[in-house]
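Chain IDs A, B, C, D, E and F follow the sequence of writing; residue 1 opens each chain.
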Amino acid sequence: MVGNLTDPAILFFFVGLLVGAVRSNLEIPAPVAKFLSLYLLMAIGFKGGQALGQTGVTDAAVRVVAIGVVLALAIPALGFVVLRRRIDHFDAAAIAATYGSVSAVTFIAGTQFLTARGDAPGGYLTVALVLMESPAIIMAVLLATWARARRHVTEQATVLAGVHGPPQPPTASGVTAGHPVPTPPMSMRAILHEAFTDGAHLVLIGSLVVGAASGPTGGRAMAPFVDGVFTGLLAFFLLEMGLLVARQLREARDVGPFLVGFAIGMPLVGATLALALGTVAGLSVGDLALLAVLAASGSYIVVPAVVRYAIPEARPSRYFTMALAVTFPFNIVIGIPLYHAAARALVG
Amino acid sequence: MQHVKRLDLVVGSRVATRFLEALDTLGLPHRTVIPGVHGYGQHGPRGSDPFATFDNTYLLVAVPPDRVDEVVAALQPLLQEVGGMCLVSDARWV
Amino acid sequence: MQHVKRLDLVVGSRVATRFLEALDTLGLPHRTVIPGVHGYGQHGPRGSDPFATFDNTYLLVAVPPDRVDEVVAALQPLLQEVGGMCLVSDARWV
Amino acid sequence: MQHVKRLDLVVGSRVATRFLEALDTLGLPHRTVIPGVHGYGQHGPRGSDPFATFDNTYLLVAVPPDRVDEVVAALQPLLQEVGGMCLVSDARWV
Amino acid sequence: MVGNLTDPAILFFFVGLLVGAVRSNLEIPAPVAKFLSLYLLMAIGFKGGQALGQTGVTDAAVRVVAIGVVLALAIPALGFVVLRRRIDHFDAAAIAATYGSVSAVTFIAGTQFLTARGDAPGGYLTVALVLMESPAIIMAVLLATWARARRHVTEQATVLAGVHGPPQPPTASGVTAGHPVPTPPMSMRAILHEAFTDGAHLVLIGSLVVGAASGPTGGRAMAPFVDGVFTGLLAFFLLEMGLLVARQLREARDVGPFLVGFAIGMPLVGATLALALGTVAGLSVGDLALLAVLAASGSYIVVPAVVRYAIPEARPSRYFTMALAVTFPFNIVIGIPLYHAAARALVG
Amino acid sequence: MVGNLTDPAILFFFVGLLVGAVRSNLEIPAPVAKFLSLYLLMAIGFKGGQALGQTGVTDAAVRVVAIGVVLALAIPALGFVVLRRRIDHFDAAAIAATYGSVSAVTFIAGTQFLTARGDAPGGYLTVALVLMESPAIIMAVLLATWARARRHVTEQATVLAGVHGPPQPPTASGVTAGHPVPTPPMSMRAILHEAFTDGAHLVLIGSLVVGAASGPTGGRAMAPFVDGVFTGLLAFFLLEMGLLVARQLREARDVGPFLVGFAIGMPLVGATLALALGTVAGLSVGDLALLAVLAASGSYIVVPAVVRYAIPEARPSRYFTMALAVTFPFNIVIGIPLYHAAARALVG
């Protein structure tokens, strides 16, 4: 289970964490970080597409993807039910969406881990990654709309205004002064557009298609880029993720013990669900373990990007911080090896 | 040198085009745009994540003084919907 | 539209957090931050080296007019210690 | 706090040094420079192409009030030759 | 002819086009795009230099370069003659310069295409690329000077002021108000400086020289960078080009049917000229086809960079848009395979 | 000795110098340059760590590191003694720190050069690089504190105010007007924090540890990144260094003949010291030569970053310019081959 801790990419994540913790001036420039995140999506999409192009749509592919979609609906529903009793409904919807959706970086780390241990998952897992991204967002937006309607009825509207961020004299920010009730957020149409045209999402899908379409010749031409330098660039990116997590941990005032517990418990529940369904469906060790990784991961890219405008009442200092600062490191360090061990025990 | 009003807007990068389109509609296409801006406001921290999810964009727009009210009226609902800051001040155009 | 004071600060990137923390302490966390800014001042050239050793950061902060003196008093010693520019001007908040 | 005039210039990146050299000649080397700025003006869109052909650069220069006319006179011909925007406003230097 | 459509780099161009068309928030940060464009120039220059260093200055090299220079003078002259009857003389000069000069990215895509099909062109084609960049610019600037003198005589000066961009109240932009007649643009000296010290241009020349000077040992050390990851980085760059073309197409109000026709017709004419001269000169298939690609391509880097200041009266919304949004995709998708097929038919 | 001049990376440095000299518009975007500098540190750290992990802490390692630390204390002391008679004490302290510390890029160029000639240095040299970075900084800060105390006594304080940069009317910059005496600079605690948490420093140490910890499997996974594309990315980075040096040379008004002499003489003295101590200690050719390179190099990253705030009285236009614009090119072109030849003569 500690095998992960000699993987250079994971080790660089720890370097980032430590460097961030001592408040070094180290900063990866934002354009570089963005380039690396797009590169990773492109590489993983292309490789998935290549694998798919070789095997075609197999029976296993269909089963994996079907289970993935089931999980993408079940997990946010379950999450919301648990959360709504303890916290604000808007936060509950946003957090449910976070855990219902998936993290591409965790997926990549999982793929690396499994492949290095001889349990390479199928290319169709990338399709599962794509399809598991959005359902939870849509569900959360609907839940928030319902919560908004309810709130309006009970006229709590004004009470909730201005809860975000540290106190700032209203005259300083001005906008709060005259307009305590924010106008309704984005239309459903705009939300769907945002969710489905998100750049990261489309790069992943596009690369998947290109990978499938470009055959072995294309694969060979792209190999030094999508395979050769992959571990190195992933390591660089995880260095930045470590810095980011360290920074985010410092801002974690809004995440109390209950939410920390949720940020670790929910992944375990999701992974268990995935392992159960996947074992029944007779998946291979690699497929099973990576599906568990997907189920356990929480989104800190697409979901916050959409939810920020779709559910403005929810606090990023909760949903974003939980996914990035608690669940992501948990999965990277403990989760992935754990799900792999479980998959081996169940199938191998 | 003529008097102009300068508008300094800071809005989420994903919604910046909505502000720019509103200005286009008013026949005011001239602008300066600084991408990759960070910030902290009512909606919490923005920018400084590697996915630029929360990035802000800075818009600087110089408009004729007699059009400023119209512009403000057009931008205000957008600011309320998606957040952001808008400052108006006086300047002279060289 | 209310009157605010806008502060435009340009300070070394390595020390920018010290300015921001001073503002936090005053209960004024709202700000806009432009990274990767170059410049030239009393401390010579800044920015434009590949190690960002001398990078500046631009901070824009809108504060209520009645708090500006307090803010300036808090920032002045920092400006003297580590250098940087701070301009104060008038604006209206939309 | 002393009164200064602030000049906000937005000019093509390829010609920005010509403006800066003009300021140097006037003995006003202090400035703040933001690279990678986009925009839209009389010369059409600027920035947002991968070759930075049309990039703008933002220059912020605080000058003593009594020198502003001289500065404007020096920059005006350049602005007419290569385009760009220049706003002048009032500020106080902390 | 559709062989190009399984090339991953080209496919990523289409991904970019589609992602741009659905108005996704995807953006390649400008510093990354600039890095990639410099990388491509560096790689292509270095590889050309290496090839040159091995073969030395052959007879074929001399012929290719000579024809290239002839084309770089003939094409803009021809273009201006055709255009001046239909459009403003300043626009005509700028567009003529655009098509008289060349596009390095098209050159790179052409080289990739031909090499993958066993018709690798010689390293001296890179020399042709360098030498074909500037003559058209100088010619266009002279034509514009002539047009300016003529305009002055007919006193149309004030009529043309303020034609650029959507209407903006003059009081807003201020500068138009008091000064309807722009002062004369850059001096010839400044223009020559701009044309010959352009960064992209110098990186290309520099890399060519370094490639030639650094021999096989240097070549081996650089290979993983200039060859290995080349296709991948080109794919990433073409993704950005696709986004850019999609964006530019939305701004294409100033390009009517005549100019669209020119943006496709002129490349075909240029390629035909190149094929004719090259066949007479007895070039190989690869050299012939790539020379046609060069002739057919329009510049959207160096020319706009210089012409923007040298011919401020011309509209980038015309010359830049035509080269980038019409001619570039045309050449990438149809042109390159077409010129290759023609070269094979003529020589093979 | 001119062998260095067919190395593509070094040749690209000259391309950068020339391109900068003709005042081209070429610019490497700052985020890209920063990425490259971090990449180089990561690669060199990782490779050093891998080598260390294989050999363990050998006897040679201990000797090299010990000599390195001795040099890191002796060189700045010597430098200050020489400089204090001719120039301002603050400048003297800053310049002494510059030459007492080391340049990672010079180290990298030296490693490349030696490895290509069959004299690969040991991985522990990277440890020497790390340990030689900071002592000179601490020493310089103490010297400056002493100078400040002395200055206070002689009441010269007000005389020195406002010496930096070209003249600017005091009313323009305002801050000088009312406060001629700057408040004391950073506390010692803050300085130590800055020196030891510098991002570049920590990335290097972190990568060293990761390299040592991740074993041969990790090494193989990282190889295409840290080895494969290394020369190429170094070449790109040195292109930027060339541009930077050219720009810096234009601003070199504050560096007179004496300081230019120092910027060449001090490296030669440092290298001689290193060669002497290293020969006595029986080092191999590669270790000896690279230790001389370290001793000869001057810091233009960590030292200026810290000294700028720790010794605000010192002029970057002196210490930074000397290290970057004189010593760096001198070492790259003449120094490295020279120290190598000397090491061969002494040991081989």
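Everything that follows uses one rule, which is that a contact is a pair of C-beta atoms (placed from the backbone, for glycine too) under 8 Å apart; a residue touches a chain by one contact, two chains touch by 3 or more.
As the structure is a prediction and not an experimental result, all values here were calculated from the model.
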Treat each pair of touching chains as one step and give the shortest count from chain A to chain D. 2
How would the chain A/chain E interface be labelled, same or different, where same requires over half of its residue numbers to be shared? different
Between chain C and chain E, centroid-to-centroid distance (C-alpha), Å: 43
Rounded Å distance between chain A and chain C, as computed from the means of their C-alpha atoms: 35
Let me have the rounded angstrom distance from the C-alpha centre of chain E over to the C-alpha centre of chain F, please. 41
Could you check chain B for residues that touch two or more other chains and list them? 1, 4, 14, 29-30, 34-36, 40-42, 47, 52, 62, 79, 85, 89-90, 93-94
Chain A: which residues touch two or more other chains? 25, 27-32, 34, 165, 168, 173, 175, 194, 200, 224, 228-229, 305
Provide the full list of chain pairs in touch. A-B, A-C, A-E, A-F, B-C, B-D, B-E, C-D, C-F, D-E, D-F, E-F
The residues of chain B that touch chain D in their complex are 1, 4, 6, 29-36, 60, 62, 89-94
Touching residues of chain F toward chain D in the complex: what are they? 25, 27, 29-30, 165-169, 171-175, 177
What does chain A use to touch chain B in their complex? 28, 30-31, 33-34, 36-37, 162, 164-165, 168, 173, 175-176, 179, 182-183, 185-186, 194, 200, 237, 240-241, 244, 247, 251, 300-301, 304-305, 308-309, 312, 315-317
Of all residues in chain D, those that touch chain E in their complex: 12, 14-15, 36, 40-45, 47-55, 77, 79-83, 85
So in the complex, which bits of chain C are touching chain A? 2, 4, 13-14, 24, 27-30, 35-36, 52, 62-64, 67, 93-94
